[in-house]
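Consider the two complexes below, in which subunit A is the common component and subunit B and subunit C are the respective partners.
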Partner chain A sequence: MLFFSYFKELVGKEVTVELKNDLAIRGILHSVDQYLNIKLEHTRVVDQEKYPHMLSVRNCFIRGSVVRYVQLPPDGVDIDILHDATRREARGS
Partner chain B sequence: MASGLRLFRDRVGNQLTADPVLDASGGEKLMHVEPSVVISLGNRLVEAAGTLYVTTKQVVWLSEADVNMGYALDFLSISLHAVSTDPKTFAFPCIYIQIDSDCADESSDDSECEDIQNMEHTDFLKKITELRLGPSNPNNLNTLFNVLCDCAELNPDVVPEQDENNEWNFGGNQMSFDDSEWMMSENASLPIGLSDEQQILSRTLQELNMNDQRFEDAEESENMADKS
Partner chain C sequence: MSGSGFVGTEEIFLSTSLASYLDKKLLVLLRDGRKLMGTLRSFDQYANAVIEGACERIIVGELFCDIPLGLYVIRGENVVLIGELDLKIQELPDHMVRVSAQEIKDAQKAEIEALDLKGTMRKRMEFLDFFD
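Coming up: the complex of A and B.
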């Protein structure tokens, strides 16, 4: 549940979601669920020349299992909190 | 797993308005019906409109002109869906769907699909990676989008049993990394940042009533935590 809890903290921030098929979508994180399905708003495709048909997509729902990476906003990374959270996770608490 | 797009002909009765046959015993329920929806498979627009059925397991489109024509797509095969409103790529505002099919990565060389015009060609359907659904009433797009979100969340991937201890599965289907991977990062961080971390986290660690050595080994730390 660590990732779920963490991503919930990022709601409202801009992230870039890279899919396993190489498509990368930048947008405001609207919501995330326990399966790490991700809903983005105000999206834009990073490589617009390669994916012109995605230009008009303004919001989208991405299945958690097709996500390869989520690029985080620097101000959304609090190392201390993450240290603590990973330790709790490792303890299984 | 991800079976991709497939033919669907099982209607309750032979009428064009008949609902699709659902897997009621498996708990499948109809969540939304949207009449007069045009569909495009890849870049090929299907001439006739159809009725769209969103169930708890799949999206089914049944032609309103041909009782033998219909397609279905499991939620497990939907990578993403979105509202798209670009007349250049599709004449109608639509729901754009990306399909994750096991066959999609295989050669998408059109020459392999000689029967390319035949929309009923199963191999052809499996290779389709994009789908567009344009309801005749574009005001329903957001409703449709939200229904698809809700139903997608009902269909998480089946996570394989995590009985193999040190499985490295970055980029796999697992939703969460198992403990051993966190342990690795813990161990890596201990030798360099121990004292700093102790200071930073001392208050937290006191709360947790434990000390850093217990992080050196996952099983050990669990055992000791149990004892304490």
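Coming up: the complex of A and C.
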């Protein structure tokens, strides 16, 4: 549940989601759920030339199971909080 | 929140649920690279989806074609992405040309053959690696 909570904190920020099929999409994180399915708004495909069919897609739902990376804004991570939360979760409290 | 167990519209639009895409025109990318278009009529938590008026959009280089399929149930595990098509924006760049089903099939075949040829040529030349 740690990463679910973590991604919830990033809602409203701009992220780049890279999929296992190499498609990379930049957009505003709209929501995330327990499977780490992601909804993005105001999306732009990073390599638009290669994926012309994505031209008119502005909102999308991405299945969590096909995500390879989520690239976050530099100020999106508070390492200390994440570190503490990780220890807490590992202790099971 | 209504009493019937259904969530209100506000929750739908804030959540990751596909409910906000119901009855909208969508593009569904599948794991095998296929692109389906149609109207979302039903879904569940696995992203299983029912698409009405589905068609497959085949793109080969500058050419494209929509093959009508009908009512499709997509098993969720095959779904990569479900995108809402913004009707105000043109779907494809200007330089792309719509062709017939036969023409796109021929173009697909030619593309596959070109890729195969590239593969066999590479294989034949592999022995050259011993000399460099």
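Everything below uses one rule, namely that the second predicted complex is superposed on the first by the 93 of 93 C-alpha atoms of A that agree within 3 Å, B and C clash if a C-alpha of one lies under 4 Å from a C-alpha of the other, contacts with A are read in each partner's own complex, and residues count from 1 in each chain.
Rule of thumb we're sticking to: a residue touches a chain if its C-beta (ideal position, glycine included) is under 8 Å from a C-beta of that chain, and two chains touch if they have at least 3 such contacts.
Please read these numbers as outputs of a predicted model, since none were measured by experiment.
Visitor: By residue count, which of the two partners contacts subunit A more extensively, subunit B or subunit C?
Guide: Between subunit B and subunit C, the winner on subunit A residue contacts is B.
Visitor: Quick one: classify A:V32 as touching subunit B (first), subunit C (second), both or neither.
Guide: Once the two structures are laid over each other on A, A:V32 reaches subunit C alone.
Visitor: After lining up the shared chain so the two structures overlap, which partner does A:D80 touch, if you call subunit B first and subunit C second: first, second, both or neither?
Guide: first
Visitor: Is A:P52 touching anything from subunit B or subunit C once the two structures are fitted on A? First, second, both or neither.
Guide: both
Visitor: Would you sort A:F3 into first (subunit B), second (subunit C), both or neither based on which partner it touches?
Guide: First partner only.
Visitor: Between subunit B (first) and subunit C (second), which, if any, makes contact with A:T16: first, second, both or neither?
Guide: Neither partner.
Visitor: Would you please give the residues of subunit A that touch subunit B in one complex and also touch subunit C in the other complex?
Guide: Comparing the two interfaces on subunit A, one with subunit B and one with subunit C, the shared residues are 19, 21, 23, 33, 37, 39, 43, 52-63, 65-66.
Visitor: Sort out for me which residues of subunit B touch subunit A in the complex.
Guide: Within the complex, subunit B touches subunit A at residues 78-86, 89-90, 96, 98, 100, 130, 145, 148-149, 152-153, 156-157, 171, 173, 175-176, 179, 182-183, 185-186, 189, 197, 200-201, 204, 208, 210, 215, 218, 221-222, 225.
Visitor: Residue numbers of subunit C touching subunit A in their complex, please.
Guide: By the definition above, subunit C touches subunit A via 14-18, 21, 27, 29, 31, 33, 35, 47, 57, 59, 76-77, 79-87, 89-93, 96.
Visitor: Mind listing the subunit A positions that touch subunit B in their complex?
Guide: Per the touch definition, subunit A meets subunit B at residues 1-3, 19-21, 23, 33-37, 39, 43, 52-66, 68, 80, 83-84, 86-92.
Visitor: In the complex of these two chains, what residues of subunit A are touching subunit C?
Guide: Listed in rising order, the residues of subunit A that touch subunit C are 19, 21, 23, 25, 30-33, 37-39, 43, 52-63, 65-66.
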